[in-house]
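Labels run A, B, C, D, E, F, G and H following the written order; every chain starts at residue 1.
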Amino acid sequence: MPRIDVEKERCKGCELCVKACPQGVLAIGTEMNGKGYFFVKRVEPTKCLGCRLCCITCPDVALSLNVNGTMYHYFKY
Amino acid sequence: MKDKLAFGYPEGLTTGGTHYCPGCTHGIIHRLIAEVIDELGVRERTVGVSPVGCAVLAYNYFSTDYQEASHGRAPAVATGIKRARPDLMVYTYQGDGDLASIGMAEIVHAANRGEKFTVVFVNNAIYGMTGGQMAPTTMPGQVTSTSPRGRELDLAGHPIRMVELISTLHTPAFVARGTVIRPLQAVQTKELLRRAFQYQKEGKCFSMVEILSTCPTNWGMPPAEALNWLEKTMMPYYPLGVFKTPEEGVDRAPLPLCGLQDGGK
Amino acid sequence: MARKLMKGCEAIGEAAIKANCKLFFGYPITPQNEIPEYMSRRLPQVGGTFVQAESEVAASNMLYGAAGAGERVFTSSSSPGISLMQEAVSYMAGSELPVVIVNIMRAGPGLGGILPSQADYFQSTKGGGHGDYRLLVLAPSSVQEAVDLMQDAFDLADHYRNPVMVIADGLIGQMMEPVEFKEDRQPCRSLPSKDWATTGWKGEGRPRAIVNSLFLDPNLLERHNEKLTAKYAEMARNEVRVAEYFTDEDYDLLVVAYGSVARVCLSAIRQLRAEGKRVALVRPISLFPFPTEVIERAANKAGRVLVVELSTGQMLEDVRMAVGKDFPVAFHGRTGGNLVTPDEAREKILAQLAAREASR
Amino acid sequence: MQHEMIFAGFGGQGVLLIGKMIAYAGLNSGKEVSWLPSYGPEMRGGTANCTVVVADEPVGSPVVASPWAVVAMNLPSLDKFEPTVAPGGVLVINTSLINRPAVRTDVRVVNVAANEICNELGNPKGANMVTVGCFVGATEVVPVQQMEDLIRETFAAKPKLIDVNVECFRRGLEVGRAQKAV
Amino acid sequence: MKDKLAFGYPEGLTTGGTHYCPGCTHGIIHRLIAEVIDELGVRERTVGVSPVGCAVLAYNYFSTDYQEASHGRAPAVATGIKRARPDLMVYTYQGDGDLASIGMAEIVHAANRGEKFTVVFVNNAIYGMTGGQMAPTTMPGQVTSTSPRGRELDLAGHPIRMVELISTLHTPAFVARGTVIRPLQAVQTKELLRRAFQYQKEGKCFSMVEILSTCPTNWGMPPAEALNWLEKTMMPYYPLGVFKTPEEGVDRAPLPLCGLQDGGK
Amino acid sequence: MARKLMKGCEAIGEAAIKANCKLFFGYPITPQNEIPEYMSRRLPQVGGTFVQAESEVAASNMLYGAAGAGERVFTSSSSPGISLMQEAVSYMAGSELPVVIVNIMRAGPGLGGILPSQADYFQSTKGGGHGDYRLLVLAPSSVQEAVDLMQDAFDLADHYRNPVMVIADGLIGQMMEPVEFKEDRQPCRSLPSKDWATTGWKGEGRPRAIVNSLFLDPNLLERHNEKLTAKYAEMARNEVRVAEYFTDEDYDLLVVAYGSVARVCLSAIRQLRAEGKRVALVRPISLFPFPTEVIERAANKAGRVLVVELSTGQMLEDVRMAVGKDFPVAFHGRTGGNLVTPDEAREKILAQLAAREASR
Amino acid sequence: MQHEMIFAGFGGQGVLLIGKMIAYAGLNSGKEVSWLPSYGPEMRGGTANCTVVVADEPVGSPVVASPWAVVAMNLPSLDKFEPTVAPGGVLVINTSLINRPAVRTDVRVVNVAANEICNELGNPKGANMVTVGCFVGATEVVPVQQMEDLIRETFAAKPKLIDVNVECFRRGLEVGRAQKAV
Amino acid sequence: MPRIDVEKERCKGCELCVKACPQGVLAIGTEMNGKGYFFVKRVEPTKCLGCRLCCITCPDVALSLNVNGTMYHYFKY
């Protein structure tokens, strides 16, 4: 299964990933990080396709994607 | 089987995080540059040049040697570096105020001399760092803190298209425009950056990639809305594409509208 | 090496090459065009690079980049062009970049004229750019001295990581005199390795190199200012250069002059001394640091000072500060490109001697 | 000893060159020298001059208000510099282009019809060589051999010009020697 | 019957004569401008701006009010005059070092703001006043005092074509190129100047006329030969003609060479 | 008119409008962006023109053109931007153009920081550009004073046909204070008609107007320089502005400070005097001409001087020149954008008072 | 009398505005005032503060090292400014966002749960009004009526916001008055 | 008859008019003017067509053309 990880201290809560995700995996949470931002959380983790659209979109490189090695072959984009 | 990282943090970036506003696409552009530097394997001989503008602290964000240029003069600084050490990979990162306003002479001349470095030109149609004044690339009617009635074309003229302007120079160059507002466009822009750096690596020519970018803070709109505004307002005026390549036979210097025969009518 | 007749500007260019400077960025302006012209011919012969910049603004920023990459580099210009470099000069001082800048001064203000002047003294020594910084400023009074100072300038710049300015005027730049380039010249100061230069970061060996003058945190910037101030104080201790003439003898008048004018004054003084007149000359060679103590001492001995400049009185202020208010500091200046002739210097000196006599 | 000289004429007459040759000749014979061209606005007006100092000691002021010698190749130069010659000094006049005699009586006046002579020798551009020859002949300020060597060096790239110019120089020399102070 | 003057001295010029070298075409250009000013009847409200360059003393030659600008900044000075007093007719007279090198930012931005003044751009492919250094417009291989081996394209780039560059700006303008090397071309160039001043008179747009000119002195050739060199060497690279007019529908901004689709190949 | 709370920068803009200045050319830079922003809003309302220039180089040359055409005009910037204007400043001084330039100084050198500084004193008063020229330099220490000096600046510029520079720092520029614009304000100096301006030559009435600083003939340029020098001397006679605090009383220490810092010092001094400490303050308002005599007199009375600046010591030199070498001139400076606080000023003053006591 | 105050909080909390209102209220009631925002790099970090002085005499230093009062709307502000309050001064703490008590015991501490209160009143952006109300209630540094007038002026362009903000201010006022020094 | 007049002190002897004249009317003379230039002279005055090519070419406005009023109508060029 692909898994999106959020580095909460990097997230600025801009919501761009939320809008970019075709699967509704992500949403802004209600917790604040150390810089005063409400950061993103996985709300539907199981729906993740591993498409990386959220990663490519995030201006703060707050998201990373881990996949089970056998599952996909990811091209360098 | 162990998990495998399919998207992670590029080595070309330092890990500290940036000062950019939430949703500002400066951050995406940074990442794309870092990835290209990583993928070309040139990090250890790359020197960046930061502008004066929101990216003034870029030297803190890229894990390469860096120089901070005075406002608009990054192309002159890069010329100095590259002429001193042609073995280095050199790029400037410049905003639209920096490059298209105060730095107009420096960018045109560096391009025209065919300096073998790469320019990443981040056009967000405004002066971000100083709090939202009009830029040469500000759109007609766009309200900024120094165009409170919107950019008035009869007083401030039309927005400048730098890629088009630089493309008219006869000196071979690679000149292109992209944006990062959607994932696909980010991927395409990365490709433009890769080509730009590749031409430099081969010592071929000057290269410049203009990237349309957002400034949610000074445009006064949420980040996602800013992407849409860019698409709707800026993209029709600033078409994406490759405008000039160094290959032979693609010089497109304009010809006169009409000969002197009918001049004066 | 044999002595060769060379034009001041060309000798300056050759001196840079002999100092192993392989990079020149500059923009034409009279009366120093022979420098870029010479460099455009000579540099390719020694594997160096000459770039005609689009402007002095660009040239000075090219200097910044090249120096930041660790290479020796210089530019030259004349007064209006130097004014255009002031932002970059402040940046280079702030980023502690070793560069050499030559100013063959011409008459001003504004477009002025192209004939000799010394009216950029303030700009060079006090900071024509913004912020607290100092340049090391050297002023030759012959072509040979221009050559020697030019070579030292690169060493001093590297030693202190500071811009060095060599200022002269069209008299020095345009005249031919015999010069000699010493074959076995050694650096005049120790040359620390340039591990701060942006030569590509290998991830180890040294910290990442960042050439920069921005410090958003006022405390960091203040610390940076303090570091710079300490450096300038060190220069003031170690880099004063001054030539004294007849200060070991008795004299009733001290003349202070630098550069081309000092030479004219010296001619007049030699003749006057031959006639039994008691006059001495102090010629500052480093304008920053200024030879305050030497002048103070020599002035006290004389009890009367005459400052001669091609300006309306700029170095005059530094002399006044050195001398205090206990006795008169007179001034003679020419402007507009007019030179002080030996006869004129003689006349002014005689007038001061007479005044001194009268006031006894 | 110190000799200060001013060479003056129209832009194309080659006065800077003959001044430079005197300086080189001085240097080559072990003297201290300086050569200072005028580069001000007067150059635009078509006139040029240079000041040369040849001395035993290092040269003090390269600017000279009353030179020991003035070499005037045209009328404006004579008008400008005649009054400055130091009493007892030398004034060389190219009579081909200057149709008035010298006014000063307290200086040694040396006349040379430089343009006639060089035209005669088929070297219409050689008036400066005639004049400097005359100057050297009349004053012996620098050794003749040095000057001839310098002419050979100067025209090394155009060998055809060497002999005519040496010839011009020598003819000038004769004229000068004939007017040598006794 | 009395004789009638069929060609005489224009009122727009002062009578003193110029300092230009024999055969230098600066003088012809001066006369054409003066004639146009005379013929449009605007002499009493015209202000010229001289450059730093051989034409630095232009203020002595035109019988109008005049300002002397710093090197390259004539368009900024003209902007100041025209914005202060829109009723005045303002023109700059600039050389190629002045306009295309140090003054690049000022000319591009004045044109782009659509400042309503006229630029007379005298391109002689060299720095005349300072004694013949390389200009941005110097021809490939041309020997100058700072390009002793001839302009080397790999180090100094190709000559800049200012008319082409300014023509890419979207702001309406009148931009054209002429020369004065033959009587017919002088007549045609006068026509271009007339149009340029006429547009200004009508408050329509920025106007610029580039004029190819000789510098016999620094090119090192007799005046007549200089005319031929210009024709043979410069004219093929700097085509004459009208490049841009303010009329609708003649904007010729270049389009991308290729879309992003095939970018990266 | 009632007192209104206004930000320093905006008040400066409004003051210019009240002084009938209808033209602004400028380029954004922190911490003075509120000036161009204000002008871009306000000028069209009063029939004026705002142009955002492409750079400070261009802005300063637009100033030149507009002033040359006879109109009141001003620009504003901050340190690095002012450095870029130095060539044009020298041209404007040389061409004798009346313009007003505002510098809201920030910390340097180089890019430095955006917080308050006074390190452009040398640049403003001694000539950051080339050649012999002087600007009239005014330094307000409150928003109201900024308004008053701004209005006077235009009159002084017109009266002397000389650029006037108003320098302050972000403290003055960013703070809000009550200000009043006097309705019936009269020009502070006579305003000669601008018959030298390029307004179109009708062939009669006046000579052809040529705005120019080029004089190829050195004698003409020297005469021009003499004329300018005489003008600066006249300014020195007539335009000294200075505020004295407690100099009529007895005191053992004279503090000299200008602008925002003077105000902080005054706070500390008031408190100290309330405690019986004998301290006085001289606050130069015109930095050129410098209030040399006032300071000399006041310093002699005190026998000890403390100069406080946001720099490493620039005005210090002018004070030293005024005071001579007979007694100590101490210095306290902060840099990098750090301010002098009242407590800090108090402490430095007390230390000097103690030293004075000890040396008696 | 002279009162120096610092208002500090996150960027968007409106601390500059309430500082400005206090300054205006002071001015309108015949006092001398100054308002000085912080504009340094800290602004980028998302925090903001301003220093306000209200005095009978013209304001001396607008820079204040030990203010009479500090109004802290978030934790970083409390951390930064608590130590600076002059002994005997006032420290207002927005307890909604600050989860630690004051450390100082030599100053008067006034607590207000500003965000809770404004949320309760349906005006989530009104925490600054609540806080300034509390401050005025606890100190009477400026007249209440002046403040209410200023709120009306401030929101004149958005009439819907006037009443809720006045309401916020008044609720703060009550909270402050309840903690008034006795 | 058209008549070209040479203002001798303006002429710099550049020869451009000589080359421009289709009729060989003009030639550089052997006299020098006050500035040291050999100025232009009419050598074949009777051949002049009045075409003004020399006038248009002269950079120093040293030439003027006078015609008998009835002969031609000159357009403003």
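Operating definition for what follows: contacts are C-beta pairs under 8 Å (C-beta built on N, C-alpha and C of every residue); 3 or more make two chains touch, one makes a residue touch a chain.
Everything numeric in this text was worked out from a predicted model, so none of it was measured.
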Chain E and chain B - chains in contact with each: C, F
Each chain counted as touching chain E and chain H at once: none
Top chain pair, ranked by number of contacting C-beta pairs: C-F
Chain D and chain F: spacing of chain centres that average the CA atoms, whole Å: 56
Centre-to-centre distance between chain G and chain A (centres being mean Cα positions), rounded to whole Å: 39
Per-residue overlap in chain C, given as positions that touch at least 2 other chains: 30, 51, 54-55, 57, 80, 87, 91, 95, 110-111, 113-115, 212-214, 216-218, 337
Sequence positions of chain H contacting 2 or more other chains: none
Residues within chain G bordering two or more other chains: 40-41, 44
Interfacial residue positions of chain E with respect to chain F in the complex: 43-47, 49, 56-57, 59, 63-70, 73, 76-85, 88, 105-106, 108-109, 113
Chain G to chain F touching residues, read off their complex: 20, 23-24, 27, 32-37, 39-41, 58-66
Chain F-touching residues of chain C, taken from the complex the two chains share: 57, 79-80, 82-84, 86-87, 90-95, 105, 107-115, 117, 119-120, 122-123, 126-133, 212-226, 228-229, 311-312, 314, 317, 320-321, 324-326, 334-338
Parts of chain C lying in touch with chain E, wherever the complex brings them together: 27-30, 33, 36-37, 40-41, 44, 50-52, 54-57, 80, 110-111
Interfacial residue positions of chain B with respect to chain F in the complex: 52, 56, 68, 70-72, 97, 101-102, 104, 127, 129-131, 133-134, 136, 145-149, 155-156
